[in-house]
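The first chain written gets the first letter, and so on, giving A, B, C and D; residue counts start at 1 in each chain.
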Amino acid sequence: MKLSFSPEDELFRDQVATWLRDNLAGEFEKLKYRGGPGDEHMFPAERQVWEQKLAEGGWTCVGWPREYGGRGCSIEQQVIFFEEYARAGAPGRVGHIGEGLAGPTIIAFGTEEQKRKYLPGIVAGTQLWCQGYSEPSAGSDLANVKTRARLDEARGKWLLNGQKVWTSLAHEADFCFVLARTDPDSVAHKGLGFFLVAMDQPGIEVRPIEQITGTSEFNEVFFDDAECRADDIVGEPGDGWKVAMGLLGFERGVSTLGQQMQFQNELDEVVRFAKGNGAANDPVIRQRIARAHAELKIMRYNSLRMLSGQSASDGALQKEALIYKLFWATWHRTLGELAMDVLGPECDILEGAPYALSRLQSMYLFVRSDTIYGGTNQIQRNIIAERGLGMPREPKGTAR
Amino acid sequence: MKLSFSPEDELFRDQVATWLRDNLAGEFEKLKYRGGPGDEHMFPAERQVWEQKLAEGGWTCVGWPREYGGRGCSIEQQVIFFEEYARAGAPGRVGHIGEGLAGPTIIAFGTEEQKRKYLPGIVAGTQLWCQGYSEPSAGSDLANVKTRARLDEARGKWLLNGQKVWTSLAHEADFCFVLARTDPDSVAHKGLGFFLVAMDQPGIEVRPIEQITGTSEFNEVFFDDAECRADDIVGEPGDGWKVAMGLLGFERGVSTLGQQMQFQNELDEVVRFAKGNGAANDPVIRQRIARAHAELKIMRYNSLRMLSGQSASDGALQKEALIYKLFWATWHRTLGELAMDVLGPECDILEGAPYALSRLQSMYLFVRSDTIYGGTNQIQRNIIAERGLGMPREPKGTAR
Amino acid sequence: MEFAFTQEQEMIRETAAAFLAEVSDSAAVRRAMATERGYEPALWDRVCGEMYWQAIHVPEEYGGMGLGYVELVATMEQMGRFLLCSPFFATVCLAGNALRVAGSKEQQSRWLGQLCEGKLTATLAFNSGSSDWGADAITATWRREGDAYVLNGCYRYVIDGHTADLLVIAAREEDSKGEAGIGLFLLPAATAGVECRWLPTMDQARKQAAVRITEVSVGTEAVMGELGQSWEALARVIDIATIALAAEQVGGCQQLLDMTVAYTSERVQFNRTIASYQAVKHKAADMMLRTEVARSAIYYAACIAQEALEGTALSGELSEAASVAKSYCSDAYFAVAGDALQLFGGVGFTWEYDVHLYLKRAKSSEHLLGNGTYHRERLACSLLD
Amino acid sequence: MEFAFTQEQEMIRETAAAFLAEVSDSAAVRRAMATERGYEPALWDRVCGEMYWQAIHVPEEYGGMGLGYVELVATMEQMGRFLLCSPFFATVCLAGNALRVAGSKEQQSRWLGQLCEGKLTATLAFNSGSSDWGADAITATWRREGDAYVLNGCYRYVIDGHTADLLVIAAREEDSKGEAGIGLFLLPAATAGVECRWLPTMDQARKQAAVRITEVSVGTEAVMGELGQSWEALARVIDIATIALAAEQVGGCQQLLDMTVAYTSERVQFNRTIASYQAVKHKAADMMLRTEVARSAIYYAACIAQEALEGTALSGELSEAASVAKSYCSDAYFAVAGDALQLFGGVGFTWEYDVHLYLKRAKSSEHLLGNGTYHRERLACSLLD
């Protein structure tokens, strides 16, 4: 075990920090601290310009192999990059679904042609992606996919019909990866396909979902004979679940440290308010702030364990990774409550009519989704108990 | 709604308090605050003398009908009696299983002969009872009774074989009511009988269970061809579950207010310690004490609702009664933790070797059983969800 | 001793529930909350004209129904359940109780009379922006000038303060501290120098305002009770109103529980209704526990509030009963709302479903008139100091 | 940056686990804890002779193994897991670290040498009976008399104080306050005027003592560091020891989790193993979460403790790392122990099953060297003041 980074890595850190300081300025100044979770609907166009700026500097896809246009950074360097990115207050990445999910999936499971076709646009920040997994009747039961894909062999096209939900950035995205049922008689995780679908076509309609924040960051996406080419399927028809699950694996990675840096920014703001309004003198608030601080510290150590463990080759179950989602989601939700309680009765007062939330208010409301999406806390506990502790699986119902 | 008692009831309160003040003295002085939960093994002989003293004053079975030797008190008067009893620090009743469980069961389901035979000894405080429900493999699954009863028609006796567990006062008791399987081929709640069995016989062996307190209040009771007369069964063979369930209903009654008075005594002691060692200046401890205080207050109001509701004849589900066990058990467990945290590092220091616990230490350890016996918190939540909210029942397993 | 609703009280509750289910459904709440006023005058007219709730616990001599605080609390519980958007709490529980506790015969007969006729909405302003709702929250001042009193100061969190016709305001004598020097004044909102400004809130179903008072001069007829000695009366008013607010919270808990049980019994995941999962059942059981315990707290507190209004035997318990109820109900409501949102899952996160309305009410009402920590510290002071 | 055990560290942990599973099973723990001494000398001899743990992080120049605090913490975690009854924590983590941090070369070479040979047990005494484990806990005093120092005072919660051969004690200059005036002294327990008395404890598997020192006169050779300026050094010692204690707590969590999963997978109720109930699974999942998070905390803290012992770059994080680890691990351990007992049900309430041994350890170690509230307030001071 060692905590310090190598001199080379520290040099890399300086390089990242310097580039961000020099470039996150001027027209991009207003993007600072914007576009994160709960704020993803803000400045999409400007943030795409920023994405391209990053690409110019070689700061997109830093963890991807060089052969696919990435920077080929080590895990340590990726950690450093995401930390410095968040520390600088650089904006939420409109390209993160392409860089973090679609790209790695295509790299892992895609054909050479798919790689040539889709990866460069992600690296360049010119093509944005969104994700088509969740459906209204799915929710925690992710495999309960009702969207169907039918191959029109004559036209050499897949035709997709169905509905996806909770799709963020659907309005801005150029492409969507869609999990759809290729075998109409199949159920659950069998008979699915994983499709790469262009968003700009008549068969796709995007409707925003109004959230409890009054804003709309998520969307419903309707597919009505939406098309993609016959070879725009990743893997074979029927492989969709395998591909999708591989993809979910990519979600848990080095970016957790950047996420934590955002959490730190939020906690710092809570502390600032507490000092400003006297809540910092309330012993109960002090305990809660100290607890949030301690657990955020440990969250970082836990991520370091996760990342160090990944390089181990023994394939052992990473318990610290298994509990991570439940831990951070619950922590973040608790931070939201703490923020409001620091504000006291002022927590109810908006910045303006009709519904202008302050940053902390928006955070407070938005974090309620953290314990729901990507596996609710309840599903997480099932997974921990079943995979981590070998306890019996939940019985699935038969009828209802 | 009215909160005050009638002048007659207040007079009754004076009468109880005066009698207790006059009689809980001299040889009984040392019994004050003794023999409650966690302390039931203490002074059993002296407490039986006290039980008879109560009987002389007409203070046993105050809620029983007069025809069975009771005092025929109204619910209000019973409340008053139990409150004053606890307020006076009068000792845990060795007769409580007879008075609160066996007696009411016999009154409700027993034959005239059984009433004549068993009730007077309970009223007089001369015959003590213990309870034979739990078995090692039963636990929360109360109906999983393996103890068997076989009728030896020639001798006119039932012969019981099996084992009961968690039987308090088994050493002192004259009788035990035993749930046993009369139909050897039956399962679960069918085919059971409810037996009244004398403890003083060769077929019964009592072995104390050492608890986490180092003391033994509970016992295992082994039945090896233990006998009772053919007519010492309450109800018919096969009715045992119905009788037993009726009995459990009696447990939730006016005595809750007396129990709360004991809780108040315990909380008062916690407050005393907090004031003595400065913990009362710790804002976090202050919050916890205030919470305990507030919830104990509400517990009383909740009991008043329960009792007032009982006189209502509409048979509506009493939601406040349904949640009561979960509420008080959890409260009490939390009080134990609070007591230790008020003591701080001193909480670990015993009164003496080898294992002399202080009153608060003993309380702290003993209350861990409150969320387990009589339906664990988990079972309580099942019951609340299923009976109170109409949610689906837990599926029972088939094999294991 | 009888701690259950009488048949008449049951009827009042049932009537309130039936009326509100009809007039205060989700669409009605959303219509009203989107306005700056925050309530629909036509509905308020029906409340006043048909239900006569504004007069519920006002003595008959002033034109009221002469019922007790238990009846008020039972009604308030239903308002919380259906999130009724109305100036009831401000008018009846804040200003009305202030008149009851601190008003002179003349003041009561003038203002309570109008209030009972449904002609008048009113509110109480005392907190200048503190999370401590005790006497230190009062920073507005009064000073004597000849026969008049000159008032200055700012208030926040004034419920319905931008629409109320009448303000009851607290102010302290210049340079006074703590509980000393407090005076209570009746002030028509239209008085020159009184500026009431809407403060848009996260919980849109209850409106708050900021009030600024600049060199407003009033006569002795505006003074309630003994000038400078009014903290004790004001504290009583706040406690009595707090109990009504806690009742509203219990109503919210109940509705969330009912909604959650209904939703989870319909929602199917992995071919089972999610209500069949023990994790869901046990959360629902905890929600029910909190709801029932909270209910026990408010019914008792309602009885005590009644005694306090009448000055009978148990009045001395008022402060404790208010803190017991408000601390428990505040925490219960927020916990229940959080659990409800979690069990609704994704749809609970949408504006379309009603859960968020209750989540927001839970948080706003938690802090209004003092949160759990504040009220527990009040209890701790009397227990430990 | 590498935040995983090296292969050698893995081996040390595995070896410790295997050894302790054999020598510190339930029967062994119960034998040792029933004695006043609290450990079996024969087993301690094996620990010292075969495992050499007493020397684990002592520099080789003093006869130690020269390993780091990460190795010590990994070992301590296993001791907590198997509830090893031994004077290890007192001797190595308290007194040993005091010698490392504050002892002169001569003191280290004399006493650490004996300690590494397994000839000596030792402990640290500083708290006179406070739940605040900072400088104010020290009320024992020293005064100068010629070339000698005269010590007086009482200590409580002195781990293994009734059996230790050597005491490191803290005392303050008469009339000094707070962090000023603190001195550290080496005092053989056999010194006249030193009285060590066993304090029987609820957690029988770790022994505590009260120490009384009456007019004990010592020379300069007994003084550790700069007399009167030793608070900073002592604070560091306490923090480093606290991290070891937190590691012990993590070991306890892990064992409780393993025991609970095993028991619930065997126990059948309603024809199902209770491990198949979601209520049980989810509690177990929460136990695992707490255990893993706690583990992350102590591994990091161990690295920091090592830096603090070496005075390298991150030493300044010591106090924070100790408070982060101890506050989380203390609360985690008690919560996990409570959950374990609940899931064991009735049998968990018996003396026969081992759950109660861990429940008691959880509570005693929670309060030893400061509970969660204490450590969070320490963090709050640096964050908020």
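Everything below uses one rule, namely that a contact is a pair of C-beta atoms (placed from the backbone, for glycine too) under 8 Å apart; a residue touches a chain by one contact, two chains touch by 3 or more.
Values in this document were obtained by computation on a predicted structure and should not be read as measured data.
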| item | value |
| --- | --- |
| Per Cα centroids, the chain farthest from subunit D | C |
| C-D against B-C, pair bridged by the larger set of C-beta contacts | B-C |
| Centre distance in Å when subunit A and subunit B are each reduced to the mean of their C-alpha atoms | 54 |
| Subunit C and subunit D, separation of their C-alpha mean positions in angstrom | 52 |
| Centroid distance [mean C-alpha coordinates] between subunit C and subunit A, Å | 41 |
| Sequence positions of subunit D contacting 2 or more other chains | 273, 276-280, 282, 373 |
| Shared interface positions of subunit B, touching two or more other chains | 283-284, 287, 378, 381, 394 |
| Residue ranges of subunit A touching subunit D (in the complex, touch as defined) | 1-6, 9, 76, 79, 271, 274-275, 280, 283, 286-287, 289-291, 293-295, 297-298, 301-302, 304-305, 307-309, 311-312, 319-320, 322-323, 326-327, 378, 380-382, 384-386, 388-392, 394 |
| Residue numbers on subunit D that touch subunit C, as the complex places them | 277-279, 282 |
| Complex interface listing, subunit A residues touching subunit C | 134, 137, 139-141, 144, 165-166, 209-212, 214, 277, 279, 282, 284, 337, 340-341, 344-350, 352-357, 361, 365, 368-369, 371-373, 376-378, 381, 394, 396-400 |
| Subunit A-touching residues of subunit D, taken from the complex the two chains share | 1-6, 9, 70, 257, 261, 264-265, 273, 275-276, 278, 280-282, 284-286, 288-289, 292-293, 295-297, 299-300, 302-304, 307, 313-314, 320, 323-324, 327-328, 373, 376-380, 383-385 |
| Subunit C residues touching subunit A - in the complex, by the definition given at the top | 34, 36, 127, 129-131, 156-157, 198-204, 208, 267-273, 276-277, 279-280, 334, 338, 341-342, 345-346, 348-352, 356, 359-360, 363-364, 367-368, 371, 373 |
